[in-house]
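Heads up, the next two complexes both have chain A, just with different partners, chain B and then chain C.
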Partner chain A sequence: MQSTPAKPGRECLLLLISPLLAILIAFLVLPLVWLFRASFYTGEGFVERSGFSLAHYEHFLFDAYYLSVLVETLLYGVVTAVVCALIGFPVGYSLARLAPARRRWRMIIVILPLTLSLVVVVFGWVAVLGRSGLVNSILVASGLFDSPKTLLFNKTAVVVVLVQQTIPFMILSVMSVVAQIDPVLEHAAANLRANRFVTLTRVVIPLAAPGILAGFVLVFVIAISAFITPMLVGGSRIRMMGSFIYEQMMSSMNWSFGAAMAFIILGAGLLFTALLNALARRFVRR
Partner chain B sequence: MRRRPFLKLAPTFAATAVAAPYVHAQSKKFAGVTLRINGYGGTYDSALTANVANPLEEKYGLKVRFIAGSTDADLVKTVASRDNPPYDLFMGDSPHMAQLTEASMLEQISPSDVPNFARVFPNFREFGNYAAPFSVATVVPIYNSKLVKEPMTSYSDIARPDLKGRVVVARPGSTPAALMMLGIAHENGGSMTNMEPAYKVMANAKANIMAMPPTTVTQLQLFMDEEGTAGVFWDGRAHEMRTKGKPIVTVFPKAGVYGVTSYTAILKGCKYREAANAYIDQLLSDQGMLAIPNALRYGVTTDVKLSDELKSELLFNSPERVALKQPVDWSQLMKLRGEWGEKVNKILGG
Partner chain C sequence: MRKDLIDRIMSASGLVVRVCVYVMLALPAVIVIVSSFAADNVLSFPPTGFSLRWYKSAFANEEFMSSLWTSTYIGILASCLSLGIGFAAAFAIDRYEFPGRAAFQALALSPLIVPGIVLGIGLLYLFAWTGLNQTLAGILLAHVVLAIPYVVRTVLASLSLFDRRLEEAAMNLRAPPWVVLRRVTFPMLLPGVLSAAVFAFVVSFGNVTVTAFLTYDDTVTLPVRLFSYVQQSSGPFVAAISSIMIAVTLIVILAIERLIGAERLA
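And now, the complex of A and B:
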């Protein structure tokens, strides 16, 4: 008689995850607690660390300008996530349907940008889109323009760079879910005279929805916390919370206000993600 | 030689040959010591390495490591880890030193341990013996003469209609941005306590300002790539671009200019106090003092002798120009610059 392996006990599981838990508590939870406390300090400098006040939250939440920055940041997150979903889904789907041997090199190409430093990637874009960069050189050499155009420092440039940075997360999320959808289901749909579009919209996308949603949330969260990209590619009129927080922390030295802004974007991000999850749950039930 | 004496002598010779360089290095006063200093990056750090760090290594075996980054960010890191600072010495401008002094994070420099400290001009000792001034940097209007036909003459010229979409200035809230705001306010009848005139100019410059990069090196890159053709920038970095072939013109506004003194200070908790003294002494020596003017044409703070050519190329090369350098209340500026930055952000982004 074949014996089934014993299930690991609760203590054993705790022991297994304890190193990760310790790292998370030491390097994520404790700094977050400190930052949360700092957001209530009364002073504006970074030397004075005492008192309790809601002034920094009030400063942000009762100022139409800062609220508009928050909304704009969330919109950048949504636009980036939607573009990533539109471009990333076909790539993730095609990778999932390839044999593992043929998938390997394509996967490396998808993952490669994640191995590069973000600063290097952003400076690469500055070099490509700059007035003396590759794109302008091609446009001028081909006679499309007489002189180089400013391609950087606008909303489109920010979205393009954010999409490039985050699209691997969407592709990998979609691929991991689509790989588990049995291709027989698509054949069955075809046998029932469903065309490719109907199969895609009525069979594949609903089944891949958890992967798309996971990718959407990942991309959204990374995009709304971006600060290097808007600062280097965005120019003077692109407003995102990340660069404002950086400015408060590093230039204005107003740690308390910076910390309050950090928790506001964290709260807004969590709320948005929860809403998205609730919507997705309803969609999947149907 | 017979076999037995050879076998006795050979290991001795081999050991001597292997150990000689090591023993030689160890015989130097600071062999094995490495000082960590935050760096400004690029040409600045290269000049200090060649004229301060390398002579110290040669003479004492002392190694110096410049860790390049944004000075504002370095200051934040240093204050955040005040019990175990990431640097032994801190290199920063007047506002940074004001913050470090307020946070009681600096060690006093004893003139008896640092003989060259006595050579510093008294008017540069803004922080007494707590920081060694070694360079004077000024933020001035600059433009690319190939691409800007009408010369700029003032800070306020960044609002000129012909510069639409081509102006690059420092990020609001940063030291150079705060000094630029003071310059604009001063030109238009304002002051540190009345920045309204500066805000009006910034509102007019809204369509002109295309980028506000977070670091000096990024700003320099935008001028080098000709993304930006005009702006307000450090005078020494403008010189650096000229040496690289860019036709960048530095403007000396008639109403006055605003700048900072650059300092190096010993942080409390520095493990190698004697080595830090040696660094500061070399920095204030003739060779060290000329490092930055030779590379970037920033001004000097001691009685070092300057060549006529070098003197003519420095920004403050006449008594009339020296008289136009405006004094700044640094602790007041540090309190107000966040508010100015917020207001400018609202003007430009609103």
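And now, the complex of A and C:
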């Protein structure tokens, strides 16, 4: 990769990489390992840190209510990821094909929700969908509604907000992979009298599949672990794993159960990712 | 011509989808800013009247102002620390061959994919055990972990664009090493390094998913304060606070865009 790979002193290299290793092992790897261990504690709170039992996992997995919450959460994840893929793809594609000068403001709009604090984004939606918010005002003014409706605290609202906060990942992922596809291929397809739909489904999408897949997985993982959005936009009627975990940790103080739930959601995410990758590999081989 | 029709439907629907997505992406921030200038007491759109009273009460609110200060303070420290650590790591990844380099790079970028809630409660456990809970240091360390991948990615990108032949040319012209460093290497890396630093700042400044588990007593960062506040009430006051955060974020994004271009914002 480098024109002249430096012949390093080992000490120098060690000096460069050890701070990062130290901080990430201590404050990323260790907490996760510990959390995993904590999910097997016999006690509930932080005080009883001993023993080994599957009680917390059993408590979760043999309870129809908790299981239904898990299933609902995974469904939110899938729906959010599918919507992101469907409407994010055209945006990512067009961004990749746009001249850099015209890309500027569009990129800034895409990046903004990523860098902006999540609370602000979600609060923005409360203002948009609230009883006297933008959408209600438009609907009432246009005569579609007689009086303002409650647009918050339902499933659609949660999906919309989850889509908005995760779609930049899909757009950027699609954009970076489409940028690698030579436009000549599309011209060739057009010369062979393929219309744009055929070109899209036979040429562009298969080539962009890795990017779509990467975006899909990222969106899914973020959506299933969300807790700010279900708490603020969903209210008490929407049940998602994230808000359950938050309650267990911060109000019920049942830390071990919270830890077990966190690992169930992490495991579900990993399993889903593996499944999707396996499917994709099979699809490609065929 | 059937082909023409399909092509036209495709480009029309593509345009509609793109417009909708951009509107959706910008909508919350725009609405927040507009309603923060409202004169009335409830959050409504379109706002009736224009006033700066919510900004006045925001800046007069001691709780929120101390949170703003806390967030800024932690953000600057987290930015410096993660810049130092991340730059060293990116430099090593770019210039050295060593076993496990790919794994090292994956580790450096991994905080991006760990769900915030999982890292948050993991750190809560760790800090409760080590006595780092209820300290500013705990929050700071969490933010450094979160900011590192952004720094590593941004610095790696600018290092990979860096033409090493320029250094060699300077050395051929008999420039001593420190002159090469000062006059060639440093100025060329400066935009990348600066944008890495502001990226790190904004990541720390806005984080809520991890920080929500780590704040205590009076030491509450602005986003977490906002989170607990919004659970009880929402109004133009919250919009004013949110607008301050939007302004900070927007300034940072525009600064990065100036430094390294919109191309490499992500």
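Here is the rule we go by: the second predicted complex is superposed on the first by the 263 of 286 C-alpha atoms of A that agree within 3 Å, B and C clash if a C-alpha of one lies under 4 Å from a C-alpha of the other, contacts with A are read in each partner's own complex, and residues count from 1 in each chain.
Rule of thumb we're sticking to: contacts are C-beta pairs under 8 Å (C-beta built on N, C-alpha and C of every residue); 3 or more make two chains touch, one makes a residue touch a chain.
This one's a predicted model, so the numbers in the text were calculated from it and none came from an experiment.
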Joint occupancy of chain A by chain B and chain C, clash or fit: clash
First (chain B), second (chain C), both or neither touched by A:L271: neither
Which superposed partner A:Y65 touches (first chain B, second chain C, both, neither): first
Touched partner set for A:N254, first chain B, second chain C, both or neither: first
Touched partner set for A:Y246, first chain B, second chain C, both or neither: both
If touched residues of chain A are counted for chain B and for chain C, the larger one: C
Touching partner for A:G130 - first (chain B), second (chain C), both, neither: both
Touching partner for A:G235 - first (chain B), second (chain C), both, neither: first
Partner chain in contact with A:P31 - chain B first, chain C second, else both or neither: second
Which superposed partner A:F153 touches (first chain B, second chain C, both, neither): first
Superposed model, chain C segment overlapping chain B, candidates 27-35, 99-107, 225-233 or 243-251: 225-233
Shared chain A surface residues [contacts with chain B and with chain C]: 46, 126, 130, 132-133, 231-232, 246, 249-250
Sites on chain B touched by chain A in the complex: 70, 72-73, 75-76, 79-80, 99, 102-103, 165, 171-174, 209-214, 218, 221, 225-227, 334-335, 337-338, 341-342, 345-346, 348-350
Partner chain C, residues of chain A touching it in the complex: 2-6, 8, 13, 15-17, 19-21, 23-24, 27-28, 30-32, 34-35, 38, 46, 87-88, 90-91, 94, 100, 103-104, 106-128, 130, 132-134, 137, 160, 163-164, 167-168, 171-172, 175-176, 193, 195-197, 200, 218, 221-222, 224-225, 227-228, 231-232, 242, 245-246, 249-250, 255, 258-259, 262-263, 265-266, 269
Complex contacts: residues of chain C adjacent to chain A: 2-3, 6-7, 10-11, 14, 17-18, 20-22, 24-29, 31-32, 35, 42-46, 84-86, 88-89, 91-92, 94-98, 104, 107-108, 110-111, 113-119, 121-126, 128-129, 141-142, 144-145, 148, 152, 164-165, 168, 199, 202-203, 205-209, 212-213, 222-224, 226-227, 230-231, 234, 238-239, 242, 245-246, 249-250, 252-254, 257, 261-263, 265-266
Chain A residues touching chain B - in the complex, by the definition given at the top: 44-47, 65, 69, 126, 130-133, 150, 152-153, 231-232, 235-237, 239, 244, 246-254
